[in-house]
Amino acid sequence: MLRVDVGSDLVYEVRSPSTFLLQITAATTAHQSVVSEKLTFDPELSVEQYCVGDGGNRMHRIVVDPCQLTVKYRATVELSPEVDRSTEVNESNVSEMPPDVLTYLNPSRYCESDLLLRFAFEEFGSLERGFGRVQAVCDWVNHHLDYTPGSTNATTTAADVLVQRTGVCRDYAHLTIALCRGIGIPARYVAGYAVDLQPPDFHGFVEAYLGGQWYLFDPTRLAPISGLVRIGVGRDAADVSIATITGNTNLTSQKVWANTAADVQKATNSEQPPAVSTA
Amino acid sequence: MLRVDVGSDLVYEVRSPSTFLLQITAATTAHQSVVSEKLTFDPELSVEQYCVGDGGNRMHRIVVDPCQLTVKYRATVELSPEVDRSTEVNESNVSEMPPDVLTYLNPSRYCESDLLLRFAFEEFGSLERGFGRVQAVCDWVNHHLDYTPGSTNATTTAADVLVQRTGVCRDYAHLTIALCRGIGIPARYVAGYAVDLQPPDFHGFVEAYLGGQWYLFDPTRLAPISGLVRIGVGRDAADVSIATITGNTNLTSQKVWANTAADVQKATNSEQPPAVSTA
Amino acid sequence: MLRVDVGSDLVYEVRSPSTFLLQITAATTAHQSVVSEKLTFDPELSVEQYCVGDGGNRMHRIVVDPCQLTVKYRATVELSPEVDRSTEVNESNVSEMPPDVLTYLNPSRYCESDLLLRFAFEEFGSLERGFGRVQAVCDWVNHHLDYTPGSTNATTTAADVLVQRTGVCRDYAHLTIALCRGIGIPARYVAGYAVDLQPPDFHGFVEAYLGGQWYLFDPTRLAPISGLVRIGVGRDAADVSIATITGNTNLTSQKVWANTAADVQKATNSEQPPAVSTA
Amino acid sequence: MLRVDVGSDLVYEVRSPSTFLLQITAATTAHQSVVSEKLTFDPELSVEQYCVGDGGNRMHRIVVDPCQLTVKYRATVELSPEVDRSTEVNESNVSEMPPDVLTYLNPSRYCESDLLLRFAFEEFGSLERGFGRVQAVCDWVNHHLDYTPGSTNATTTAADVLVQRTGVCRDYAHLTIALCRGIGIPARYVAGYAVDLQPPDFHGFVEAYLGGQWYLFDPTRLAPISGLVRIGVGRDAADVSIATITGNTNLTSQKVWANTAADVQKATNSEQPPAVSTA
């Protein structure tokens, strides 16, 4: 059991009446519980919270008139590890997968598994089925990509990354997901916080469906699996944008952090939108 | 109220043990009821039926040993028209849309609304909001694409089609969907049968979310809206493949038909997989 | 007859032995003569000048050891206008074009005329053949693109731009060229200087082959045609990079200017590489 | 010295007045001489022959009124092998390459070396420079692609092929060329005939510039290097189409052959356009 303090401070310049769909709050899952949390808006706003999709994602919708908007989120989250995380875990067959899992075999906007099918089979098709095969995909992605901030943008896809061999966490995750789907393993994108991530930012990682449940993987190796805090899951980053905004609005400042609860809070400043954001 | 007989005969050469996910049966919706239906397999097989997603799609899963497999579907369906189908219907605001509708604003594998954003705004941004704006998108797509069987394949996207200006029903639908999402109108792909479609085949068309409900559109103009029979809906064709098959299997013959119930059944033969199929 | 002073100051941080292929000097053509010029390197270097291709491009090759390298170019150029620039000029037939012109009908890296063929015909195929048709292509490109620095990069192509509807001079030129080739008009890319360009930078524009000769067009409308000074021509920007560098080297500063000779020199500073550069 | 009989019979249905640019005749180079040849047209036509580019390509231009056109080419060609074809041959430095060779370092329509740069360096950057490095690229391409007729089309590029891992001779050549350029080795596309090619067809292969001259490579391994007969060279297949046709014309039949001179002629029929043709 690991207790983690996560938080984010987002400041927006809202220049026309805008609707925000925010996904920045920690999810509640079998392996993650929210001990306490606080989401505040300055100026104060009426907020609508709802859950979308089959992954328990929480989304907050606000309607904002022109102003400087500050969004603050603070939470303490308890993480319990996936117990049977080992090479003993086997793959599931398509004939047995629950219907809501099958969706994550389909190609999606940034994970064109249909294009990468042959590559995935050629490279990973003959490996022993199971947990280790997903690990092998993650290792391949980690080994063959260079982590290069600025080398990709919000429209970069797994196929792009397979050719250009550079990217950020979002791109690592997309390529891993596309390759898993290509060899018949359901995989999905997780947006979240990550303990000890340097530089601190929102993070994007992967869940793969093995042995009847979802397991976390992080092909970037930038943070320990045990310190990954989920905000939400989706087919790819298109589903879990930090902020989807309708209106003329700019992110002007952002701080993000995730620390083990005992730690002193180590926040950093960034003027850049996070890798997983469409802000 | 229109009563329609739909059906399909699919023959597969199954060369290794294969799992099929079939989406060929008529859905039940507020505007469509299944009066009677029969789905048969030769050889006989145990079939698992389940529903996926938020659109009420039915899927049938079968596991098949090597054989020649014949799948036959027959149904009588009653269609009741969308009553307020008119230019009076307005668009919904993002601030009011139900959470499960918001998903259909996201870009998807074959509908890269993120790439087409500026084009969509430039071309349709200044038109009066409402039903007529979706109609204008459909008209534009119909006018600027050439319906050319064989000009696209299973990996062709809306952006590809916007450049090359040719496609089939699937491509018409994808471009329409991407453009609607680009101007903030939720849109999704519908796979189905279509009365009087020439040549008879499965069909792909569009639903757009307006005034709090989903409305059907067919940018190909190949069949009357009132004769569209739904199999299922999804973000794009990736979600509603006629058959997703794991294993070494080939479609060897296909007949598809949809006739108003009084009609004599007019089936045709085709050796080609249908436009919306991944068979 | 217009007399123009052009120049550029480029500063590079050379960190490993590097070979530069520079294309920054004014060309000599039927409509352009170099009255005087000076190309200097600090530190001094042995320079190899040669001409490549059929457009009379001059290229300078230097081999540089680690240092801070300053390249300075100053020239006075006389421009004589294309005399019969009018709607009277007709298109040439493929059956009559000189062999070296036919090359400019082929698709190239950034001008995928093969992809845009149908679009080009649909939009411009029925217009009256001749000078006015190229002008119509330029007008279309100018009208439908937004000039947005930073919206594209060195790998952006005409097809990308047709979808995303933004770009810089290089992208405007590529799309214009691809569309001209698509309707059977040879077209090529010109890198150069442009009088009164704001902000001052290298410029990219277009030549189209009409009535047996090449005519200049600038779809950006950012500078008068009569003030365009040629450095070199090619199939697209891939052929006329300002600097192609083998080795570990960075452009650290750049000034570019082009003024009518009477003017006081109005140079500006920029830390950014120019749109047409691979530096 | 090898003596080879090559030939092709092309039949076109010309439905509107059309201009053909044909590239089907054997070239004359240091390693290839044309002993005898005959190019005939039925009906008889006036033919214009000219050479284009720096590779000595011959092109034939004809203007044809509506008819059924038969083009027949027969030639006896003597091939002398590249003498120093060995691992002793070194790479040339950019600082020493002749200007007309530098062009073949640029990315081109179907060989996007700019996109594949990092991949090329990662995979081949640390290998010993020289002939063996090009051979290693060819081996990689041969090993990682599946030769699959119909898996690609006339717009497929090297980057596409790197992702999808299938193609035909044209695609093998494009990927090899792009990877060579990516590691700084000039490379170009050769269209030609190939002794013992099965099934007989036009062929596409590669020349790489090493040790001051051009060397042939064939990543498909479908024919011996010593039996490759050149028609022409270009940056990629865009430059050496078998037939570029302006007008409403269809290829209706094609025979192609290349046999060592002693052999009995083994022609075959094909209704399909050849891989390197735009017919």
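We just call them A, B, C and D in the order they show up, numbering each chain from 1.
We adopt the following convention: a residue touches a chain if its C-beta (ideal position, glycine included) is under 8 Å from a C-beta of that chain, and two chains touch if they have at least 3 such contacts.
Note that the structure is predicted; figures quoted are calculated from it, not measured.
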Ask   = With chain centres set to the mean of the C-alpha atoms, which chain is at the far end from subunit D?
value = A
Message = What's the distance between the Cα centroids of subunit B and subunit C, rounded to whole Å?
response = 46
Message = Using mean CA coordinates as chain centres, what's the gap between subunit A and subunit B in Å?
response = 30
Query = Using mean CA coordinates as chain centres, what's the subunit B-subunit D distance in Å?
reply = 43
Ask   = At which residue positions does subunit B touch at least two other chains?
value = 115
Request  = Just spell out which pairs of chains touch, all of them.
outcome  = A-B, A-D, B-C, C-D
Query = Can you list the residues on subunit C that touch subunit D in the complex?
reply = 19, 21, 50-53, 59, 61, 63, 93-95, 99-100, 102-103, 105-109, 112, 114-115, 154-155, 184, 235, 238-239, 244, 246
Task = Enumerate the contact residues on subunit D facing subunit A in the complex.
result = 115-116, 118-119, 122, 144, 146, 159, 162-166
